[in-house]
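In what follows, subunit A forms one complex with subunit B and a second complex with subunit C.
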Partner chain A sequence: MENKDKIKIDRALKLIAKLSIDKSSQVLSKMIKSGASIELEDVYMADISRVTEEVMLKADNEVVGAFIDLVGDAPFKFLFYVNTKDSLVLTDLMLRREIGLTKEFNLYAQSAVQELGNILASAISNIFSTDFQISMKPKPPTVINDFESIVFQEYVIDAACERNEILIIQSIFRIVKFDIHCSMFIMPLGKSEQILQYVTGFM
Partner chain B sequence: MTKHGSWFSGQGSGGRGQQETVTPDRKEIAVGMADIKIGKAPAMISTILGSCIAVCLYSSKDKTGGLLHLMMASSKGASKINNFKKAKYADTGILELLGQLKNFYGLNQRSLVAKIFGGAKVLKNVTAPIGENNQQAVKEILKENGIAIFASKLGGEKGYRIKFDLETGKVKCQIFGHEFEEY
Partner chain C sequence: MSKKIIVADDAPIIRLMLKDILTDAGYEVVKECENGRHAFESYKELRPDLVTMDIVMPEMDGIQALEQILKFDQNAKVVMVTAVDQREFLMKAIRLGATDYIVKPFENDRVISAVKKALGKE
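So, the complex of A and B:
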């Protein structure tokens, strides 16, 4: 690939990341009626061994994550996760009730994370269809409660089976009032390169 | 764009290439997916696994061992031309681990014993029995190479955290939601 094309694709990726992350933070703030600021916004290509090792070294939390496959013109994989303890606060915020009422990870907490994941993934697929005329639809979410490293590994495993390097769009939102950090990932799958080249046509 | 530095620095503890995977002076060596780390006491090798499997090989006489974090049972059909990761597959990964232990520490495979962990079905909606296939392949390959399996903890639906102590050869295994158990 020529250097000029690489620069264009890099710009396309950054544009997708910016639009998706901005929209997601707005949707998240609206859903829980509390301000969510963007703490990290990044796009990178990562070796599967190195990135999973980094996650292991840096993150050792118990989390609840929602995996969503975005299918259609541009297959992407979406992941949203939050610390298990913080998912209880999010549940109360989603249910519009007093914080502290949800005391343990239960079906309500699972549904809250599932719903948040669904709403964020839908917001992202809307950006693709309205801004780039790329049709995408989120599949029903899968929720897991496990170590952070496991959630991340299971998220990347399909892509990692096919390739040694994966392209990741990562963001971290902080729900300011409650100091909750939510992580969100978007990963292009399969024919991603063609899609990104298509996106560069809009720039 | 708000940016507080990437979560991924790309500078894992092992670095790139076979030579740099040996880090005997580090107390705890982390192993990512599709990777191998080897070392000597007093180092500890750790990893976290879902459907993947960890193969820990150890020589008690030399207090030396290695851990392979494999993802799939067979390399059959995989392109072996571009940047082929042997550690991704049970068939090529176990042989690579044996090769590294022999080349770096002069270990004969007859002095090694194995302990294996992982192979869980973390995502319930995945129909392919990846974890089970991995378990079966690992057992067969170790048998073919005459390496006895001293301990194992396989299957389930939750992730595993593994700490392989090269001083004792013991492996501490924690399944999500449970305490560590020693193998």
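So, the complex of A and C:
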């Protein structure tokens, strides 16, 4: 791909990431009926081998996440995860009850992350559909609970095997007095690059 | 007698939230289903007054389950519940015969008003 095209695609991905985070922020506030925002810390295309090295350093960090296939005109893989202990706070917030009642990782904590991942992935597909007339739909999420390095190895590297780069969206969920750090990875596949070229026409 | 409802969603936390909302409003949740196939089988067995149906589910999605249920009972009341807020998908469900739809995340009042409206059409 020419460097000029690559720059255009990077810009398109960043625009989509920004719109998705804004939409996800609105959705999250509504979901937990509380002051919530998702702040975009950084969004960038990263070299897969460099990111792998960074993630491997966090080998003992246990996370829970949702891995989702976005299918349609622009196929993407989507991964969202939080630290397992933060999933307990998210569970209480989603069930609109006192923080601290969920004391251990259980079916509902797993499901809270599953549903949050589903809603975030849907927000992204809704942006594609409404803002760019690109039809997309999420498949049912796969829930993951493992060490961050293993999750990254199994889901990100495998999904990104046909490219050397990956789009990383780092964000923080600020909810009342809690700062919940989460990571979202969006992995464009095959023909989605052509679609992203098309998106640049809207910019 | 309270109206009987089946809640179909692959996320247990959403089933719990819907069950709490519906039970507090005086409805009886007679079954929770984790996919469309289970919802269809449960519908045939229990003949509820209404089904709340997620669209994106494993094994059989909510649109396929809606079609199966309406083939079995053309008067079935099915309210779709989905995070996919796209006109194309929602209109497809309505065209097929869904009574209404609710977009996630939902407010309690929106759930109750959709259920009341659907059951009021009897």
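Assume the second predicted complex is superposed on the first by the 166 of 203 C-alpha atoms of A that agree within 3 Å, B and C clash if a C-alpha of one lies under 4 Å from a C-alpha of the other, contacts with A are read in each partner's own complex, and residues count from 1 in each chain.
Criterion: a contact is a pair of C-beta atoms (placed from the backbone, for glycine too) under 8 Å apart; a residue touches a chain by one contact, two chains touch by 3 or more.
For clarity, every value in this text was computed on a predicted model and none was experimentally measured.
Within the superposed three-chain model, A:Asn83 lies out of touch with both subunit B and subunit C [touch as defined at top]. Once the two complexes are overlaid on the shared chain, A:Glu154 sits against subunit B while remaining clear of subunit C.
Of the two partner chains, subunit B is the only one that A:Lys18 touches; subunit C does not reach it. Once the two complexes are overlaid on the shared chain, A:Thr102 sits clear of subunit B and of subunit C alike.
Put simply, more of the residues of subunit A are touched by B, taking subunit B and subunit C as the two choices. After overlaying the two complexes on the shared chain, residue contacts for A:Ile38 are found with subunit B alone; subunit C is out of touch.
By the touch criterion stated above, subunit B contacts subunit A in their complex at residues 1-14, 16, 30-35, 46-52, 71-72, 83, 85, 87-88, 122-125, 158-159, 161, 176. Residues 10-14, 16-17, 56-58, 82-89, 104-105, 107 of subunit C touch subunit A in their complex. Interface of subunit A with subunit B (complex): residues 14, 18, 37-42, 44, 46-58, 62, 67, 142, 144-147, 149-150, 153-154, 156-157, 160-161, 164, 168, 170, 172. Listing the residues of subunit A that touch subunit C in their complex gives 27, 30-31, 91, 94-95, 107-108, 111-112, 114-115, 118-119, 122-123, 125-126, 129-130, 135, 137-140.
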